[in-house]
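One chain, chain A, appears in both complexes that follow, with chain B as partner in the first and chain C in the second.
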Partner chain A sequence: MKKKLRNFIFQELVFVAEPEQFSDDDNLLEAGLDSMGIMRLIMFIENEYGVTLPDTEIEPDNVQSFNALEQWILRHQNG
Partner chain B sequence: MSLLSAFNRQCQNAPDNIAFIEGDRQLGYRQVLQRADQLSACLMANPCRRVVIALDRGIDAAIAILAVLGAGACYIPLDIKNPANRLNYIINDANAQYMIGKGQRPGWLETPALWLDIEQLTDAPQIASRPVEASAEALAAILYTSGSTGTPKGVALSHRAMCNFADWAADTFRISQNDRIASLAPFHFDLSVFDLFSSLGCGAAVHFIPAGLTLSPSRLTAWLSEQQISVFYTVPSLLSFIALKGSLAATPLPDLKTVLFAGEVFPTPQLKTLCELLPDVNFYNLYGPTETNVCCYWPVERKRLQTGQTIPIGYPACGAVLQIDAETGDLAVQSTSNLSGYWQQGQLINALSADHYYQTGDRVSLNERGEYCYHGRLDRMLKCSGYRVEPAEIEAVLLQCPEVISCAVIGITDATCGQRPAAAVVLKPGDRLEAVIKPVKQKLPVYMQPCKFIELETLPYLSNGKTDYQELHRQLENN
Partner chain C sequence: MNIKNGDILEKLNPADTFTLAMDEEIRRDGLAGSYGCFALELSNLPDIIELQQRITEFSQRFPVTQASLQQINRHFYWCKRNDPPQLFFQHLCPEDRNEEDFQQKIISDIINHKQAREISAPIEFHLLTGLKKHILFTRWLHPYCDARGVELILKYLCTADEAQRRQFGLPDTGPLVNVQLGKYRWWQKIGLLLKGKRYIGILDSLESIQPFHSDLPPERLNYMIQRLSEAQTEQALRQARQTVGLAGTSLYYIGCLMRALEKMHPDNPGEAYCAPYAFNLRKQRALAPVTGNHLSALFAQAPRAIVQDRQKLFAHLKQQNAQVIRQQLDYAFLPLMWAGAWLSLAEYGKTLRLSYGSGKERSSFWFSDVGRLDIPADSFPGAGINGVYHVCQVTAPPGLAFLNCIYRNRLTLSYNFVEPLGNSAQIELLHQFMLAELLGEGE
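Let's turn to the complex of A and B:
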């Protein structure tokens, strides 16, 4: 899952010089993920994984890193 | 006719009205005036024509702006999140005498301008002095935007120009002292002229939206509800986010009566959704470059919103006279709100034709109802999250990298978010793209950073030797 998220984010939303150096805990918001990026990311996730992410959970905490994103998605896939 | 006249009247008539709310901090009109006068007095200790505001959006920055105007000077708001090289360029181009910031003078500053710490001044004793009444033609603000020559460009606005817009908006949208106005636009962005001056001129309260809420649309909606916001002027991309993910169905906004948007084209499907979720709100599409401020507006007619059709920009606003070039469709604007000129290296450079028209470079037409419709740019300028971005400014930064032989920047269009810059780069043999991206990201503000880079052996050219932008679009959008 993280590989797909990485591909989408680094190809479409945030451009970092060396993606392989960007860890799963590094801060995506500091790297340039903004409100428009978050909106596109959520649409991508909902399409790709067939989940509905509740509006009220769209928070910096849930989107700030690849690990946070994965946990957020998994909570809704299983629930 | 000073930009402060209407505000000063409100301070006399309704001094106890709330002027600003930011988090737990709340100031009435009288308190705001007192603090601004205090700061004006400090500024007037030395001859002072132009003052850079190096503060984040909020009460302190708003007071600093009022103080600068009260001292008869012109304010230059910075986006302090910009990289230091860009900030130093702007500060030196503005040739300011003072900078107002918070805390100690930052080490990266390369300017002879004096630094004033706004936190130190609040305790300073008040010096008796009368604020200066500025002449209508005096400059009130210089707003720096992206420039097509590769460096930021200062749009110089007079008191007359800014008053013309502030008064038009206050009348047209019937702003009153009962209004609570949500403010999100940074002060270097022309939407803030409404937030500050249309509001304060009417005795309304300005509520600063906490930073970070734009990343969490349902919290933003909840905030709009709690604060009983009645008027909100922002960019379509943020309104789209609220429409799609803002929990509006569960959070009715009974106090909200007017939503204004500008800065980019609002995709019709999202606007339709928003209109359905907020059935009692009046929406207005405002149009105009920073150079003219709003020169066209369209009260949104819900029944005319059809997916696949772009909404019109509507009718002339602010008393503007509009002309369309019969061949190119270029829109020219003659308006009291027009800029005084571009500010360059400490001088004002004329930007208008002999009969005072400003050529926008926007391609427009008139429809059968007599409404103006926008069809895009005649040049390469992009609109990214409402910000204006000149590809030439990004290219100039790329070309500063020793690894880069040539480059071209275009806008990739996204159905939900509008345009984003993307770059194609030709490198010297043996050099890697990674070496270029890092410095480029340090030198450009976030909204100007390309979201995509590709490396090419050569740029595509047309037979006449010009860059083939269509082919570039194909390569960057498919890559």
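Let's turn to the complex of A and C:
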């Protein structure tokens, strides 16, 4: 899952000089993921993983890193 | 100018041509043209020699910077000139003049300077100096680049290390509009084009409310900059997050402005507020592409009755935006731009501006959220950067463009208005309403 998220974010949304150096805990918001990017990311996740991510949960804790994103998606996949 | 093949440096991409059509419209309205401006307010007199050297180096690295815009048959191209244009200007305030007034006058002259687009330099850097205030005022002709591109150019000028400066413009992807369009087969492009046309058709079923109610012909652009304190900025951003969430900050500004306009002129004719806004195709923090426009457009629209209810308005804008992205309508504007590039500028401009339904202006105002700027305050050659703001020309109607950015944790609002349709007193009032909305005190 994280590999797909990494590919999407680094290919479409955020430029990072050395993506392989960007850890799953590094901060995506500080790396430049902005509101439009988050919107696109959510649409990508919903299409890719068949989940609906509630608007009320779009907050920094859920989108700030690859690990946080994975946890967020898994919570809704399992729920 | 007699153009030979070897003179052509670059063909305008579909997004460049889109901004060129707007340039033509602004000129037809009797204004200077589609110029955008970016001001850096400096702490002291900078290192002028270093600054000039970097501007020269930049213009050699990116030759379009010295080009002339020329039409060859149906299309437009950046072409070499025999004499490179002057790119750097200095304006020293005379000792007996009030510095503030002097600088305001110079800036007003720069943004309203009328010049044929073939003669106009793609970009100019004006250093305004005085005893207390120093400003680097950059003005560019919109087909040359977009706001993000100018941010990159200023970042380039603020990069001391030559090896790091060489990273700008890399990787050379070419126009991102073409890269994105290249992902679609021709039938998919047509499908998207029809989808985009239908989407605009639906928007056009409601007549757009205009910000000003005046029959006077447009004369010149004026602007007003308002900077929120750090505490106000924090409060506005907290409100934005609570109201539209992390994914809709731009919508918060748009919604607040719609409400502020409605409070200012509740009787202006029309049925809905409609605001076009561009989104950038570059990845965040990417150093390329530098020149050219790499954007597509979206619309935010809300009927008057919804605008009057703050909660309903933001729920509506959020839902509209999610739907647009879900249905890929954000990318539907790309084939429209691609097709539009085949029209004459006059036809294209009319299509872009006028509602299919009413035949009147589609936009209630122009909007651009530049976001949090990524230029370190201590990076300018020989001076600190205290603040930044943007200015841009706009067609009239609507005669109002609202731009915002955040720099050093302060939200800066730039109201650009065409006189005499609008005036400073109206904009001052509009700002009072806008501020209350931003801070969540506008119920």
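The working rule: the second predicted complex is superposed on the first by the 79 of 79 C-alpha atoms of A that agree within 3 Å, B and C clash if a C-alpha of one lies under 4 Å from a C-alpha of the other, contacts with A are read in each partner's own complex, and residues count from 1 in each chain.
Simple rule for what comes next: a residue touches a chain if its C-beta (ideal position, glycine included) is under 8 Å from a C-beta of that chain, and two chains touch if they have at least 3 such contacts.
Not measured: the values here are computed from a predicted model.
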Chain B versus chain C as contact partner of A:Arg40, first or second or both or neither: both
Chain B versus chain C as contact partner of A:Glu18, first or second or both or neither: first
Touching partner for A:Ile58 - first (chain B), second (chain C), both, neither: both
Which of chain B and chain C A:Glu48 touches, first, second, both or neither: neither
First (chain B), second (chain C), both or neither touched by A:Gly32: both
Shared chain A contacts, counted only where both chain B and chain C touch the same residue: 12-16, 32, 34-36, 38-40, 42-43, 55-56, 58-60, 63
Chain B contact footprint on chain A (complex, rising order): 11-18, 29, 32, 34-36, 38-40, 42-43, 55-56, 58-60, 63
Partner chain A, residues of chain C touching it in the complex: 241, 245-250, 279, 282-287, 318, 321-322, 325-326, 371, 374
Interface residues, chain A side, partner chain C - complex: 10, 12-16, 31-40, 42-43, 55-56, 58-60, 63
Contact set on chain B toward chain A in their complex: 212, 214-219, 237-238, 240-241, 244-247, 385, 414, 416-417, 434, 437-438, 441, 446-447, 449-453
